[in-house]
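Note that the chains are named A, B and C in the order they appear, and that numbering of residues resets to 1 at the start of each chain.
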Amino acid sequence: MGTENETGKRIYDLAGKMFPITRSITGDGVRQTLKILDNYISEGTGRHFELTEVPSGTQVFDWTVPKEWKIRTAYIENEKGERIIDMEKCNLHVLGYSLPVDEWVSLDELKEHVYTQADQPDLIPYVTSYYKERWGFCMSKNQLDSLPEGKYHTVVDSELFDGSLTYAECVIPGKSDRELLITSYTCHPSMANNECSGPALLAELIRYVDSLPDRKYTYRFVLNPETIGSITYLSRNYKKLQEKTDAGIVLSCVGDDREYSIIRSRYGNTLADRSLEGVLKDLPDHKTYSFLERGSDERQYNAPGIDLPVVGFCRSKYGMYPEYHTSADDMSLVSPEGFEGSYRLMTGWINAMEHNEKYLIKVLCEPQLGKRGLYPTVSKKGSYDEVAAMRHFIAYADGRNDLFEISELTGAPLEKLIEVTDTLKDSGLIEW
Amino acid sequence: MGTENETGKRIYDLAGKMFPITRSITGDGVRQTLKILDNYISEGTGRHFELTEVPSGTQVFDWTVPKEWKIRTAYIENEKGERIIDMEKCNLHVLGYSLPVDEWVSLDELKEHVYTQADQPDLIPYVTSYYKERWGFCMSKNQLDSLPEGKYHTVVDSELFDGSLTYAECVIPGKSDRELLITSYTCHPSMANNECSGPALLAELIRYVDSLPDRKYTYRFVLNPETIGSITYLSRNYKKLQEKTDAGIVLSCVGDDREYSIIRSRYGNTLADRSLEGVLKDLPDHKTYSFLERGSDERQYNAPGIDLPVVGFCRSKYGMYPEYHTSADDMSLVSPEGFEGSYRLMTGWINAMEHNEKYLIKVLCEPQLGKRGLYPTVSKKGSYDEVAAMRHFIAYADGRNDLFEISELTGAPLEKLIEVTDTLKDSGLIEW
Amino acid sequence: MGTENETGKRIYDLAGKMFPITRSITGDGVRQTLKILDNYISEGTGRHFELTEVPSGTQVFDWTVPKEWKIRTAYIENEKGERIIDMEKCNLHVLGYSLPVDEWVSLDELKEHVYTQADQPDLIPYVTSYYKERWGFCMSKNQLDSLPEGKYHTVVDSELFDGSLTYAECVIPGKSDRELLITSYTCHPSMANNECSGPALLAELIRYVDSLPDRKYTYRFVLNPETIGSITYLSRNYKKLQEKTDAGIVLSCVGDDREYSIIRSRYGNTLADRSLEGVLKDLPDHKTYSFLERGSDERQYNAPGIDLPVVGFCRSKYGMYPEYHTSADDMSLVSPEGFEGSYRLMTGWINAMEHNEKYLIKVLCEPQLGKRGLYPTVSKKGSYDEVAAMRHFIAYADGRNDLFEISELTGAPLEKLIEVTDTLKDSGLIEW
């Protein structure tokens, strides 16, 4: 078990380092997080993220980069001076982008500024108000219901000012300038699966790609705050991405050990769909969500006029697991095993993409496999089935189908077909 | 209830006025019927049908316009001088296009000229012999079986002469010269659902379309005898219709209150199919029949070389309900509720067609709905789902999909999407 | 029964004549077999097969024509001089392409050279070693297990020498130079279904095609050893076949009376697929196998770059029935009834192909069937359904669909539609 999930353990530990930081869509929390990740990749590879700061007020398509939010402290005291909630204990207690406040209020007034999750009464929900200025707190419904009448001292020591939004990019060149895009987001406070898991896996994948000696593809890794960050990034880069990108994946909620999920692209028919679905289909089980159930940055990559071939990859999909957007999405929800599974899936995808070609067999009629040692020399009932994956690959290696289409047409698992391509290349029967 | 089905009641009353008239594929019954309908539309709109008379003997494609049939009276008397049947009581008693006769015949001879419906022994069937000259009567099988031996006086006072076939047209122009076609038939004697219901609804729809202030489409309403009438109409108009028609619907059996039905076009893939099916899919239930189950004038509109985008719309489909083509298809089979449902369905279709465009959202990436008051300002679990129809519309408003395709792709009901298009147009996010 | 299966009985008898001969992929067994078949077709038609001999060592695509194998005798004697097996009794006892041997060996040594079928212990399996030189025998597992310790005299009197590979072709011209290809193989020793049935049916089909007075198609009949033979044949003929062939069928295992089967082409979308599937669909039942379950010469005809529209036709599919490639595949497995069924199916297919056109009705709107005596003159409930196949044919005779597509679209059986085409041609409503 230990060595089996060694890489998963490394990713888990990296996510754990990111976990305590109070992030939002702008601010130093994002910058600290990116520093941790940058240290991790530079240790393994000598590579660094390239950071971009986009000033508040910048127009990005239909949106405007918001003010930067600095949050120093936030708590509520009762009349006895006891802090009934404090963001030092859990940074979900402060409404994201809360205005500063320092007031004594009645219980009724307090309730107008406190957000709870009625159907999960013992959890603190994650709530934000990015684009309308207000102050507020989050707490469990049980706690709110238990508060006695009285005065409460509400303190948010925050600041909204002209600063900037931060995104990070790391491009690792390959033999071709065709690109694969892998992206995740850095904008939620202490949530493990729906925040830390994606960037941590992405950092490990940078190490993996760096280690591939003869990579065909150029890899573009991007980290940005969700929605406003990907819109900002795309407003400056979408034409380049449209020219170069063969397929892209948004990583989100990749650290738990429940099912594997794909969120398909707008029409579900891109190479990103076919390739990630192709890898997933060889697992015992997985869930396929249509674009109607989108929710993360695949929304922007797939928007009309952007039209990039990008899908989402999750274990439990955001929005579908009970701990989502609450204080229960903590480090106990993710695990080395969970990360290891996601890592294997994603490196399997990279490996398949690196082997992906429209293959064309170099002989007419079936090649004579026997003379190459690839077919049993005694021919009897069943001989023919022993080499089924190879025979099927050859039958459909007609220049029309890529690796994923051959796997789909023949039912042969991708891993088996990748072996076959290596064997046939060695035998001179295919080229690529 | 009363006001709820006010329009349905008007249509029901109009159908009731048409009911007693003895119609056939030619003759004064058709002309009287068209006069009633013309009065109805001119009251509401000042508009009139344009009538065309096509002389007997005119070649129309593979057919010849038949002689005009005038029927004055038809009955059978027994030896006591009692009229055992009389078309004054039910005009289905005379074989359609019967030659004149005035003879005393034996029971055996009589039976050679009487048509019954063996599986519905107490009903009078509707039978015709348009293209082969013979005389005859229809009666219930029970009555025929009960007739004693004896002589019977058979009287049909009819005439076949060179006259003309009559069809009616009413075109209501819109901003565009692209057209929607709505058609029904006027050729059956006293049957309520499979005759009176279609023209009566069509007349009400003329009033509705006339009332639309800014209609985009031009509407073409056509009434003709079934088969020979639509062939005649098309022989003179098909090229114009091919140039202009976006979609058409044949109305038949639209007055009962059972299911709703569509009969698809030849390949089931026209805008008429997609649009009417789109409206029907938002009902709790409906039946879809393929073109293999065609039977009314959609046969001619879809014929090879005519190739018009036309479907059939029914409540209970002709041929499928037990009262079809018998004396049981009377005014008790139809109802204000039944007509009201058909009226709402058809005006819903017109409304959807008027809103139908290939929409293109005017910003790149998702628009910021919040700043337009279209998105909750506090973002928490579930916020995103509140505006699902709008988000889905925007995601697929990429210039490739019309309203019906977006409804199909996203599962959002058409009525909801029509609201969304109005909202987004007001917000300047789409144009049309 | 007797006269019912008269043709089946003839085919059965012809297969029976072929059965005893010891065939392999080369040699005199093939030549004797072709002589028997040639006699059969020349008796009925005066036509002959054209034989081609391709020398050993000839390069054919990726393969080399092997040496010719002559086998005179093969047996194993025990110490008492008793022949425990002898290919005089069953020619499956000798390993196909066995080297000569004449040695006394121990039981252990013997076992290294004897092939059995573990899961069918009382049957002699059919085993070959064409492309690796070795000697060997086949026997039932029960017999091998029962052999006592001792010495055994192993005798194979065979010879491998530079000779040639033989294939046969018979082309019967039609009015068009568009071709249908019918092929089978001649390379297995005494097996009835998986060897004799295909060539015997093919010979009968030559008689049938010869008897068609006005055939449209040119028919190409080909017999060759499986795999190496079709590769050899294609290496010399594939360009011509690509230019001319509309559809082709490989006949294999067509003499038993179990199910009917089709093995689809590489993408399952050729006219061969649609036409044979079209004929099969009108049977009470049949099995459809995808190209993933290919196994006979359809493998070569469908190979990338060859790309011919060829499917396989079987009763029980090779590899799927228990007697396959064993001594149980003898003349008791096939029957006159089985052959008769295959013959009817194949002549049904030929008849359908001869009637296959993209039909276009010559009038606009529906033709008036009544005036041609093709529609009931009294019109009542149900009249319309009596001529459903004709009406459906006319509706889809729009120049886009061939006979098989019309059958698929309308659900009308091919035989019924063929009658309709004859009727409508006589009425001048279609031409072809």
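Structure notes:
One rule holds for everything that comes next: a residue touches a chain if its C-beta (ideal position, glycine included) is under 8 Å from a C-beta of that chain, and two chains touch if they have at least 3 such contacts.
As the structure is a computational prediction, the values presented were derived from the model and not from experiment.
Shared contact partners of chain A and chain B are C.
Of all residue numbers used at the contact between chain A and chain C, under half are used by both chains, marking a mostly different-residue interface. Rounded to the nearest 5, the angle that brings the Cα atoms of chain B onto chain C is 120°. One inter-chain figure worth recording: chain A and chain C are separated by 55 Å, centre to centre, where each centre is the mean of the chain's CA atoms. Of all residues in chain A, none touches 2 or more other chains. Note for the complex: chain B touches chain A at residues 360-361, 363-368, 370-371, 377-381, 384, 392, 394-399, 410-411. Across the interface of their complex, chain A is touched by residues 61-63, 96, 115, 117, 125-132, 134, 227, 230-231, 234-235, 238, 266, 291-292, 294-295, 299-300, 302-307, 319, 324-326 of chain C.
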